[in-house]
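For reference, chains read A, B, C, D, E and F in written order, and residue numbers begin at 1 within each chain.
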Amino acid sequence: MGGEKEVCSMPEAKLTHIRPDGSAIMVDVSGKPIQRRTAVAVGEITLSADTLNAILNGQLPKGDVLAVARIAGIQAAKRTSELIPLCHPLPITKVTVDFTPQPHGISIQTTVRTDAKTGVEMEALTAVSVAALTIYDMCKAIDHAMVIGPIRLQEKTKEMID
Amino acid sequence: MGGEKEVCSMPEAKLTHIRPDGSAIMVDVSGKPIQRRTAVAVGEITLSADTLNAILNGQLPKGDVLAVARIAGIQAAKRTSELIPLCHPLPITKVTVDFTPQPHGISIQTTVRTDAKTGVEMEALTAVSVAALTIYDMCKAIDHAMVIGPIRLQEKTKEMID
Amino acid sequence: MGGEKEVCSMPEAKLTHIRPDGSAIMVDVSGKPIQRRTAVAVGEITLSADTLNAILNGQLPKGDVLAVARIAGIQAAKRTSELIPLCHPLPITKVTVDFTPQPHGISIQTTVRTDAKTGVEMEALTAVSVAALTIYDMCKAIDHAMVIGPIRLQEKTKEMID
Amino acid sequence: MGGEKEVCSMPEAKLTHIRPDGSAIMVDVSGKPIQRRTAVAVGEITLSADTLNAILNGQLPKGDVLAVARIAGIQAAKRTSELIPLCHPLPITKVTVDFTPQPHGISIQTTVRTDAKTGVEMEALTAVSVAALTIYDMCKAIDHAMVIGPIRLQEKTKEMID
Amino acid sequence: MGGEKEVCSMPEAKLTHIRPDGSAIMVDVSGKPIQRRTAVAVGEITLSADTLNAILNGQLPKGDVLAVARIAGIQAAKRTSELIPLCHPLPITKVTVDFTPQPHGISIQTTVRTDAKTGVEMEALTAVSVAALTIYDMCKAIDHAMVIGPIRLQEKTKEMID
Amino acid sequence: MGGEKEVCSMPEAKLTHIRPDGSAIMVDVSGKPIQRRTAVAVGEITLSADTLNAILNGQLPKGDVLAVARIAGIQAAKRTSELIPLCHPLPITKVTVDFTPQPHGISIQTTVRTDAKTGVEMEALTAVSVAALTIYDMCKAIDHAMVIGPIRLQEKTKEMID
């Protein structure tokens, strides 16, 4: 992508959503430049072997659980600023949600992009979370031991816009 | 609570949201009885020691990050059927979101209750997820290594309504 | 209506949304009976004489500003539990929004009804507020001195359901 | 702020949301320049002395009612274009909600900012309204005489963006 | 289903959402009995032969456009009362969305059920509409002559609940 | 308008929302230029003569059904990206909804505009659909044979922004 990877060395080492008296605010990002910002988040959901088989190649037409979860993740990315109280509304330009079978479950990777004054890591993390919750919902009749997580940010980049 | 704990022995061992041809449906729960249904979900967010201190007793007025996360979790429980495509809308009668500091982060426990034809485990899990995401959002300026999860259902009960 | 008017003598003189440690909850209403509950709220918006004339009988087709405000109020009543964090979602069965011209503005009266375990005063007050905001929005190009309020609950009743 | 205060001399003295035949539209703002626009709104909620004490320094941990109301106000600002039918959706860059105790209640001040083609006074007024409604909701068990208002715009400015 | 088919003989031959003065209301359904109510709606989207092939058996994995459209329709059914101003919020208990290829497009059939005081024909019609719009959105890059409709109610029944 | 009419010759003859493996994505529009984009959509709802009379000049104050439907259409345009899973959220700058009586019903025309990286035909089509559904809802007590459609895109243009 050629973008600059944001160095995770805490350039602004303070809780920016909190004012001196502890009250919450939606911080002012007016002065920040509009840049192309991309975030990639990953997560997992642990499934039983039977559930995994049922999703991947059982009697079920392949991929339907994942098709629903993918849509749920994409839609959740768009609603992040409604769900997370202090998030800014952002004009998202791209969302992808990908699934990879693992020995004991499914891993989820999301990519979100925007041209905006602040980044989209919360959107990427929210998409992973809701995709995982949707898999959980669709499999809970046959699997009572599913676990969601770990969910983490994998990469966050920004680049100048021509 | 005196409620009957639902035995997790897969009383309906099939993916009930999937039809024979693999297409998704919102399953018919019309015939199920209205019962008092409660679900408890738990989850964790891993934080650095500095972040944990900042939240709990740093220069910050105690509890504000958690106050915002609590509200976000309660509100998310109410929006579960919008986020999870095949969830039924339910008249939620109670939501609590509790936080307990841990050595390496914060644990989150949610309880959701309804008088309805189907249970609220997705609501409880969604509340945990969004509370964790909100903590992440409010601390991401000072902590770049946070991890969300594991998130799981702890208990699910139902009882007859007089 | 024949309903019992709820005596405003603070039957539960505590802040029921707050727990001993000060954290917010959505209180448990499971144990309360389903009753027919009605709330009436009233409010005003102060307008200049020119604005009032423009709305009521100026060059404008009569009533259009109020038609939009009425719809906005009805829709807001339905979204109250999304806007007010600790409100319970309720199956609203009726909403009306009425306007009465006053010497210096317009008064707004809303009635909301439900068959539920808790009352709808917040729904009625939210409908008044959003109807007033909508009038404000539609007139702000010609009136820069509008004031919203006072807004108050006028009546709250409940009755047994046969 | 160095911004130009918008003179309230009705530069466009017509109800711009209404067409000649009286039908409502969402007016075309395409041709307006993107500017940094800020609005400040203020409002009050009248409370009994007991309620005010309970909020501010009673048995309650200080500030929790206000913490919830602050979050509700911030979130409502982001949803203004869903609530007010003819409002444009705007990329809000800042929201603050502040409370000041008064002899007979609490005053609320909100500031909202955007870089957009139209202003954010409705967002600021909506944030005040919903913050007040949330205080009402959280105190209604102990106070049956609360009144919301007056709510008004205090200041509206715009400035060129470099 | 054994339900009673509602005879379409206009049992209440008036525009029930309109009051004598023409103002809109959300009509009072409090007094109506809770019954099991089901509605079936149908509609079509006209597609070019190439588009239809691409959806059904082209290079595309079968069914993905329809999988997304199905989810969109189900979710829209749940949001009907937000979209249609005077609709009552209803506790939907079932939604299905089915597609059948036609010579010149795809036909859509939806079934929605609730146990409530009023029916779900608007939910069924909304699900058809949004499913069709979603097909349109996903195919608009290759087909510029799609047409949505006709959309109509096919059946509406209600039955007593034991 | 002087804008360039987009030639409907399939400049990108592929289903751009679908990846090689058939999974859905919200396609990346980051690289597209911000342009002034306008879309016009049209549709019809078939009504009985009695219903049409009741709406247009019966005992009803003229225009109220249409006033509600107009507002519903405008609001739906703003919510398009929530309803259609793969639509991008766009900063809409204008929405109009117009009705014209026809011999056997009412025709609906909507115009939507934005300055954005992608067009607003889905917003215009969604506004037509929801306006038609709202007319249906308001007339369904007196007319059981209404039909919605055909709904189609009439025009789509884009022009450079100075």
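Criterion: contacts are C-beta pairs under 8 Å (C-beta built on N, C-alpha and C of every residue); 3 or more make two chains touch, one makes a residue touch a chain.
Only a predicted model underlies this, so the values are computations on that prediction, with no experimental measurement involved.
Of all chains, the one whose CA centroid is most distant from that of chain A is C. The greatest centre-to-centre gap from chain F, using C-alpha centroids, is found for B.
Where chain B touches chain D, over half of the residue numbers in use are shared by the two copies, so each contributes mostly the same positions.
Inter-chain spacing, taken between the CA centroids of chain C and chain D, is 17 Å. Per-chain Cα centroids separate chain A from chain C by 37 Å. The distance from the centre of chain B to the centre of chain C, with each centre set as the mean of the Cα atoms, comes to 31 Å. Within chain D, residues 22-24, 61, 63-64, 67-68, 71-72, 75, 79, 82, 85-86, 89, 91 each touch two or more of the remaining chains.
Taken as a contact graph, the chains fit none of the simple arrangements: neither line, ring, star nor complete graph. Annotation, chain-chain contacts: A-B, A-D, A-E, A-F, B-C, B-D, B-E, C-D, C-E, C-F, D-F, E-F (touch as defined at the top). Touching chain E in their complex are the following residues of chain C: 36, 63, 66-67, 70-71, 74-75, 77-79, 89, 91-98, 113-115.
Here chain C touches chain D in the complex through residues 8, 10, 12-18, 21-24, 43-44, 54, 60-62, 64-65, 67-68, 71-72, 75-76, 79, 82-87, 121-122, 125-126, 129-130, 132-134, 136-142, 144-153, going by the rule given at the top. Residues 22-30, 81-82, 85-86, 88-91, 116-117 of chain E are the ones touching chain C in the complex.
In the complex of the two chains, the chain D residues touching chain B come out as 61, 63-64, 67-68, 71-72, 75.
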